[in-house]
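Here chain A shows up in two complexes: once beside chain B, once beside chain C.
Entry: the complex of A and B
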């Protein structure tokens, strides 16, 4: 087990370096020039010479390899550079925003888990019932609606019309409810199908008949016998949806005026502030890698066959 | 036959799925005394399994079973019993062993837990007591290294060990009747013998009756005191093991026994199978279902369903030909 995790961590480090390289290349080769924007900020009618001066100042004319090397060198020392736009150090700015995105995604994931299990169990306990049909419709709607639409709908319904919840901000639990629902609805819809279909398949397997021959009730067979069998599939799907939620934060954070990492990323993209973009991407990539590691560990714990392999690795 | 542990009378099962309706069991009767073994033999699809599982409510999801007739188990009528009471019988009064021990055990749960939960449910044990009892049961089914087995998962056990675990589960509720559905079919020949020996041993120790569903005549000869031969959902022949195996009277039973490979057969000799195939179980046929494959077939065989006729001293047979000759010269022996 421990060896397996250390192997995964080593792989993750290599993966992280390769991924940042790719991101660096993509961001730098994207159209638009930050030097033009900065020069225009300093004097609205910047001359070509002034722009060249800014480029020189920022080191934009160095070869790509040198620029990446410089960036990686200081990043390893904990220095993520300064924002081209504000001149602020990016590290502290990012650190002050991490918890916002963290709460958003974690809360959304918990919301998605609760909702998906509720919907999935209703369907599995009473297959073919009205409840089952309702859960299917909710899942279909949830999976079909983009999060910006869901968010707008929630804001209109819960905040504007019913005046139950604040429309934005991150003060107190009530302001988090809508962002969590917005970011968690699609994963909840997808995961509810994983639960429903997984339980149905498990209940059709011979061990469910054995459990029935023991005299267990349908409810107990579902919870005690079928559920442990869908755990690996569910954890895997949850990991994939978790990744999707980190990406979804780019939409949800601006919608609810949350000052998180995704919001910073968006600002960086708009200003071609690629030091900020690169730092945000580093955070996203790291979170993906941690997520995948957690999924692997979770799979190992939930699947007896994988657990023994892990112990022997 | 009063005082029988299991008394099945005129049992008929109709199965309805989304697409089809079948009658896999049609007017079956037999009885099992406590502590004895009854073997039900027949080809695949002859209704052996369904006749035992459908009345217990053990059907795959999506299949609706319509059951007529009567099954008295220990004095209680099982046909029409509400599911809630039936659950107490399943695993409690009647234990069940399935054909394939790999798929019948839950791959995600430890063996010990799967055994222990039966004790918790039917004997009202705490989980500690049930775990302790699971250990005893593993010793009882002669599992090597039982302490370690308790904490293992099914995939870590061999086929024979899995079937022993399955047997431990089946007897964990202290059943009076054990229904074993082809318990040795999925196992190696050497392991088959061990499992049969184990079942016989457990039967004596725990005074269980066993309904053994099989198509292995060797197993029947070694274990059963009574035999039901089923063909196309009906009882073809019913009698003691000696009667049915040594003096089979129904042409189907005779064909089954003649089909057994003999030690003196030269290598490479062809199998003596029965010609033809069993009928598809759709609407009940108003004729002898075996008529198309029968060497003795008479005109009457395609016109009326033969009734199971019991005569003392010999096996009861549902065959026009056999029964006609019996009636002409009444048995005096």
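Entry: the complex of A and C
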């Protein structure tokens, strides 16, 4: 298994370099000149000479390959550069925000897991019932509504009308409930169908019939025997949804005034501060890759066939 | 213990109950108390009053000017109690307020004033200010009297000493040994306690020389999403929001808040959205009849009603009445498609559908930037539809803020939207900056370029005496109106909203100030 993990890590490193190269090219090719905005910060009526001077100072006239090489070299040494806008080091700025995005995504994932299992089990335990139909409707709604709309609805209902929760912020558990629900609803909808369909398929297999013939209750068969069978599929889907939640943070963080990495990323995009954008993308890409790696390892542990393949690799 | 679905469901129900009751407990423990909570779209940033990075409104809390710009272009004493302009505008004498302290206890006097002036006046980075570009020297007469001399009479001299930056005053002790700015320490009513990405906290300066706020703390809460700000004020999580540069409220949001019972204050602002025309790029616009046809080819009132919910007043002048020397009022052009078609026929642009002349189609490109003016894309689409009805093909190009700042000075547009600077920069900020072709206006570009006809009028106004300046500026207004050199569209309203917890709110005299004065917190 160690060999398999080391192969995965090597592939991840290559993927990371290629992805950052692509991102760098896209970011610096975007329209708009950051030198104009920086010159404006230094003098409100920046002249063209001042703008040219900023371009030279920042090396914006260097060839793309040179700029990427400089960035990669510094990044490998742990230096993610300096924000063009604030002049602050990006590394500490990112470090101070990682936990916010981490709490958002992790909490959203836990919410998605709880809700998906709840809906999935209700459907599987009572197939064809009103409860099953209700879970399908909830899943359909959750999968159809974009997160900014879900967030707006939650804010209106729970904060503005009922005054149960604060509308924004990250102080205290109460502040996190709506962001978690907003970011977790779509993954919960998708995962609930994975649970529901997976359990239905597992329950139709001969081992479930045998267990039933031996007198085990439907619930016991589901928890004890069917559930482990859907674990690999669920973990795989959870990994994909985890990636989607990292991206979803770009919508959820500004809506709830959470100052995480996605908020920094948006600020960077608006200001064409591509050093900040690039650093944030690096965080996003790394989290994707780590997530995929964890999914691979998780699947190996949960699926005996994969575990054996891993052991033989 | 054996797990069954009942146990699982009981456990989940228990967790839900804990999560649901927690916020109630948390909210009960909180409570705004004597804190005014103000929304901001972004963090306060670097508050150095001699740099150009932080939020104006926050700098206004901490740092004070020598004199304040008030409604209607009047000035009121602040750190100076008296001022005299002498020697034909080449000498400015200030009598400073006594018994004023900075937040760190340092005294406010002539020495502190000169220390501050030397950090910006006469420097290249502030050459856009007349007082800095024409600065000749300063002289301390006594501890509380300072004279500043200039090479030439300075246009808008008093206005420039009321700006939020760089004309405000920092404690001489708030820098390191090398003179580098360290902390925001001024003489204002509020002292910064802490600042993070989530917001800033301020404590009332109890040794403040003026009227002290009736509440002890002020919190600036960073809410980047306008939907979040609207929800927060409706829920009572913030007390005050608004201001063009602090936390803008869109017209649709203002109407929604009003309908929800949130007090909304809408006042005539001091800036105008104006469409600039570029005949040098599109020769069709050289013809006065074409410009006149465009001017009456779209409906300002309808756009105001639909896009701005009637909160933005349609404009015919480049300044609203709230600006000093804004000139006599012209009638707002009414949409008249028949008259517009006739003008185009007379100009030789004929044909069904898109009009043509000498094998060329009458096609115009409008450049808009949502980052510069929210709703500008929709505004351009209305113009596109209505001008299309009179045979003008309008193409819309949406650009980001940075691209706009490259394209507009480079004159890569046929029509582009400009916003006049607003108080306290008016009227000469716009007149010189946007209308005088020889003045380098940097990335803001020019609204009208006409060295032959307009520049002499601008120069005449700039050098006019107090007795003749009104007549001289009116000549500019008349020229712009008669020649349809640009198309004033709307006067930008100043929009603020506050909760019922706040009373005594008055809209600020400029969009750069934070209107905390006179506010009271009811509970």
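Criterion: the second predicted complex is superposed on the first by the 313 of 313 C-alpha atoms of A that agree within 3 Å, B and C clash if a C-alpha of one lies under 4 Å from a C-alpha of the other, contacts with A are read in each partner's own complex, and residues count from 1 in each chain.
In the analysis below, a residue touches a chain if its C-beta (ideal position, glycine included) is under 8 Å from a C-beta of that chain, and two chains touch if they have at least 3 such contacts.
On a predicted model such as this, the values are computed, not experimentally measured, just so you know.
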Fit or clash between chain C and chain B when superposed on chain A: fit
Superposed model, angle subtended at chain A by chain C and chain B (C-alpha, nearest 10 degrees): 150
Dominant contact partner of chain A by residue count, chain C or chain B: C
Which of chain B and chain C A:228 touches, first, second, both or neither: first
Partner chain(s) touched by A:209 [first = chain B, second = chain C, both, neither]: first
Partner chain in contact with A:43 - chain B first, chain C second, else both or neither: second
Touching partner for A:14 - first (chain B), second (chain C), both, neither: neither
First, second, both or neither for A:174, with chain B first and chain C second: second
Which of chain B and chain C A:156 touches, first, second, both or neither: second
Touching partner for A:259 - first (chain B), second (chain C), both, neither: second
Minimum Cα separation, chain C to chain B, after superposition on A (Å): 13
Chain B and chain C contact sites that coincide on chain A, given as residue numbers: none
In the complex, chain C residues that touch chain A: 3-5, 8, 12, 15, 19-20, 22-24, 26-27, 42, 45-46, 51-53, 124-128, 196-198, 221-225, 227-228, 231-232, 234-237, 371, 399-403, 405-406, 409, 433, 440-444
Contact footprint of chain A on chain B as seen in their complex: 56-58, 60-61, 87-92, 95-96, 98, 100, 103-109, 117-118, 121-122, 153, 155-156, 166, 169-170, 173
Contacting residues of chain A [partner chain B, same complex]: 127, 203-207, 209-217, 224-225, 228-229, 231, 302-305, 308
Residues on chain A engaged by chain C in the complex (per definition of touch): 31-34, 36-37, 39-48, 50-51, 86, 96-97, 114, 118, 121, 125, 152, 155-156, 159-160, 163-170, 172-174, 177, 219-220, 223, 254-257, 259, 263, 266-267, 270, 272
